[in-house]
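Chain IDs A, B, C and D follow the sequence of writing; residue 1 opens each chain.
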């Protein structure tokens, strides 16, 4: 057995362990200068492992890793298939790019002494998210959920604005409620089936005698996750959290945190309960479609009226999550492909957008819309990245946003829901409004004092920003790779073989 | 205006002569009445008078003293 | 076949137009006179066979084809161009010369066109050429009005052709005015013919040309329209009333007019009215008569315009109020004016008598009493203005004559003399005209009853003239005409419209201001409350989440 | 097979050449002569490339060049068909004239930022080629947007507050309309028809009701705001602040033509003329376009600013094409196609003349043009020819398209359309001829002094082209026939 093959065997655990160990290392060293390289290295290892996993999974289909070698009933199983490998890839890649980006932004936004804490928390959050994605154990997922949540509260609280503390507190309470709901649901499942392993739960579900307990479990779990993924109308924590967190943290959270929650929901919906289960007279898909649509429209409209760009983008995120859950609710290959594509694409473009705003914040000290006036003249490259990201949010052809919406529309039609396709298109029109408003200010307004004083973002921030923006364009023109991965994920979720 | 009266008398004489001559020629009337000797003379008198009356009357109504002089001057 | 194209009568004229634009001096003079002469030769050498075809834009174009109508009009147009060119030799304006030759060439093109598209193309070039003749005299506003009128007539004709092309291709054939397409065609042609309600363009435009340019203008446009009517709408009954109105209109306005050239322009409309009536009758005789009258009319109206041009050139004015007593100083022009005026009045032994007789004969044969009597009466009226009023007030009446600074040159005299001689020759020997106007040989012209009839009519008119001379004295001023429709009405409409729109706008803006304020208030409240754009309290979030869960559980419990 | 293969490589070249020119221009910024030579040579090469495509297309070949597959069922493809061929031919031909003219204009007026100008121009041409040769709606949309973006720096070239404001209106209208209307229309089409490929006879027949079809058509027509159908016409007069070569680009070579081209292409290849005719879904557009024609002509009559008058003239002329497309008859569609070419060559002449007058005498208003024809005879003679073409008088190109439009309207008994054309012809004459009359008939007031030679050469060439196109309409006619034949 070669060295590489040995590593291949342990890839699932490397993905999670690398950032966790990195965090510990950063926390122990506690030197400002050293923390960033360590964090980047940890993220790099994790990303490399995730990247490798993609190939392994494509070959093997499913990679199961038993921690400590215990049988699934007792121990914890890490289970990687086409679905979560995509999530792993997104989370690690975006985290890596975010960390690359973070150095100067963090140096400017966070007090020197707290910088190591920040990186440590970033890594912990990353590890938590990865763990949620990779684990095949319902309770273990809860543990990772808590890990990621706790670190996230800290990250938000590190924001220099005092409102960041309020936002963090709010998120803490809401997140705890969500986690509690989730763990109650898992407990109910355990009572019914006697196991916490998802695969085993699925096996045993047909024998469950009390459907009520099951439905109650489903309700607790789904509402709990919905809180975490900011499904409308449980999204109210998100704009504040994203708005006041340090820029780098916002990038990480916006690009990955909600996506992992979406993944978890998909896992439970498709893998455990079955998407077509009905809660009484109400079908899950119907409710989900309804809420998704509400998110798409109401949150988009709310974004139109925002005065702070970070909040604007945050509301936009709520809307974009609506697209993703809509894709889940469609529950057909095209719709699911669209949903997973959008997870990828939204991570890229929202990451780019928040990175650009972070750069503006660094240079102008404000993310208020009015202060961005004319920034296109003094920070052209940043503004270009912001523009590309904005176009992606609209779904302009040539950007990746178009491709994912294309699949969503396709899915709607496949489902015989032409009106839904129309709604998708119509909500994109609202996106035109808020993105147009942003771009109008950035490019066409006369520069204000702040904008005139600003200079182009430092290269270390600019390059990651442009990288994500560039990928947004690239995947808009050649979406073969992400479409293939998302398609595989959809196939797996729908019960087929990859 | 003696000259005018002279001319008028001359024309009247000419017309009388023509009418007389008209009585001695073979007519090819198309509508009957136009074959009557002297019809054309009477018709000519009446028609001309009517034309003058019509034109004069219309001139009283529609004639404007001012010309489009400013433009004619400019246009040459 | 294609070499027939080289015999196209319009070709030397259009080439000549370009040459004249480039050349100067004596060579230009030669080209200017020689090309119409060459055109006349070509009119008669062109074989009356099927013309050559060209494919253009998916259409089959026949740029030149000859028949007897074409030859008749072609001859008249060529003569007018020759006479006009000779007459215009003292006029040194290269622009006018080039425009005149282009105009004459396009008119020939209309006559010899073998299909509707070619016809229309030349029709438009004719409009451009004639407008340029007016423009070349510096008459920008009149030229623009003229150009707009012809753009209007042209596009009507164009639309008609384009609409009719679906049913029957582009062949030149008789149409019936029963579809909108053919009605559009008819309307377009009638605009050029000077039919009501746009008749006023003739008198508006032609007098704005130079003393020589008006000679060309008087010849082509309206008569080309007559030729086209003969080809496309023979026997269209609607033309009879149209022609009658034109004849009456032309007579009345000519009787009132002070400016000689405006009077002659009104007279054109009146005389074209005779032809239009004849085309409306539509019998072979009537059509031939219309053609013959057009031929003769081109000659005598040309002669009259030359006489008027001579007076204008000599004295600087063509207003009757400013003229008089010129007979002695300008005997040649006076003679020309009298010959032309008498020919217009159809005096026996002039050419006008021949062609008008043919028209009256056609009306009589068709038993069209109303038209016959009306046109007979108008003939008497024509005598009043053209045979009597014009020469009397312009030349003969005793008055202190304005000094004639520029005497007619030999070339001008040659042109006038030539035209006058042809008119008298045809009048004396009608066979000259009848020979190449097949169909009117049967008309009795120089018979004793006919001559006597006409003489009585004219002498009767003369008696009236002497009797009512005071009523016919020219006055300065203009008569309100149909051009009020496009010269005054739009201004009134614009004024009224802008006043109205200003009020409407004021009302609207007041209303919209109120509305926007209201909308703003509502939207802001909506944003604050409904859109969740503000901050939620944490408790609210928890409440919503719990409620959602509760609903789920409630449903599950049921 | 070889023909098609070479055809596809030519397609690629059509995009590559202007792109390379753009890069070269940027690189050669310090060497103005070489830089401008690059533009000229590029224009010539592009013309040759497009010209080389012509025989194949006329012979019935439809070369295809797949660019990239975004995702299954979502391709970027270039494909030549007669209408695109015509548009590409027009744009590439006029690029030559415009390059010559621009060099004269930019140097004559000592404009700043010339390198940026020529580079953006070349990119705009590349985008135009993409629009013309697009094989499906998605490809067309991409290049359409690229065209909007690449012309923005040209519109704001002067960088005055007024220019920036105009650029804002320009970009917001064009991009906004395309995002809000055109893109949904494309997506809708894609999912109704299952494809966005342009296919003769349309792809929507029988798949969508008449009302929905009318709505979809509306999305396309107003989404393609470059066509300036009222009420989305304001950007065009606003963009008049740009230098004249840019106006020429907007009005003649690329931008507005891209708009009407899109509409015409959509009516022919997406809806299908027969389908539109059978359902009457485009009837409303006849009225809207007709209103635009008349209203624009009336506004033009009141405009004293020369370029503004020309801008409203363009709005009217564009709606001729839109109206002809809405008539949905083969004849009218042919007229629309031919009018794209005819209007391009004559409107570029008018703008060249306007710019020439500006360069030589800094005259921008009609009321200042007394006797200018005597001082600048070549310029104003060309202007007059262009004006005649706008009116549609023979022997100028404007006649050609009008002929087919009228024939189409007449054969369908669309008397409203006929009346609009009749009235607007008179109005066109009423606002254009006075300029020529004023220029030539008023006293000269000065010696003959023409604009720089390059400009005079360019405008003389396009004026000659206006007449030559009338005399030899073979190529546009055959392409237009191929457009509607099956």
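FYI, a residue touches a chain if its C-beta (ideal position, glycine included) is under 8 Å from a C-beta of that chain, and two chains touch if they have at least 3 such contacts.
Here is each chain with its UniProt name: A, C, D = Multisubunit sodium/proton antiporter, MrpD subunit.
Just so it is clear, the model here is predicted, and its values are computed rather than measured.
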{"item": "Pair of chains joined by more contacts [C-beta pairs], B-C or A-C", "value": "B-C"}
{"item": "Centre-most chain [mean C-alpha coordinates]", "value": "D"}
{"item": "Between subunit A and subunit C, centroid-to-centroid distance (C-alpha), Å", "value": "80"}
{"item": "Interchain centroid distance [CA atoms averaged], subunit B/subunit D, Å", "value": "64"}
{"item": "Separation of subunit A from subunit B, taking each centre as the mean of its C-alpha atoms, in whole Å", "value": "104"}
{"item": "Cα-centroid distance, subunit B relative to subunit C, in whole angstrom", "value": "28"}
{"item": "Interfacial residue positions of subunit C with respect to subunit D in the complex", "value": "56-58, 117, 120-121, 124-125, 127-128, 135, 138-140, 143-144, 147-148, 151-152, 154-156, 158-160, 162-166, 180-181, 184"}
{"item": "Complex contacts: residues of subunit C adjacent to subunit B", "value": "137-142, 208, 251-252, 255-256, 364-365, 367, 369, 372-373, 376-378, 380-381, 383-384, 444, 447-449, 452-469, 471-472, 475-480"}
{"item": "Complex contacts: residues of subunit B adjacent to subunit C", "value": "4, 7-8, 11-12, 14-15, 18-19, 21-22, 25-28, 30-31, 34, 38-45, 47-52, 54-56, 58-59, 62-68, 71, 74-76"}
{"item": "Residue ranges of subunit D touching subunit A (in the complex, touch as defined)", "value": "68-74, 76, 138, 141-142, 145, 164, 167-168, 171-172, 175-176, 179-180, 183-184, 186-188, 190-191"}
{"item": "In the complex, subunit D residues that touch subunit C", "value": "388, 391-395, 399-400, 402-407, 409-411, 413, 415, 418, 421-422, 425-426, 428-430, 433-434, 437-438, 440-442, 473, 477, 481"}
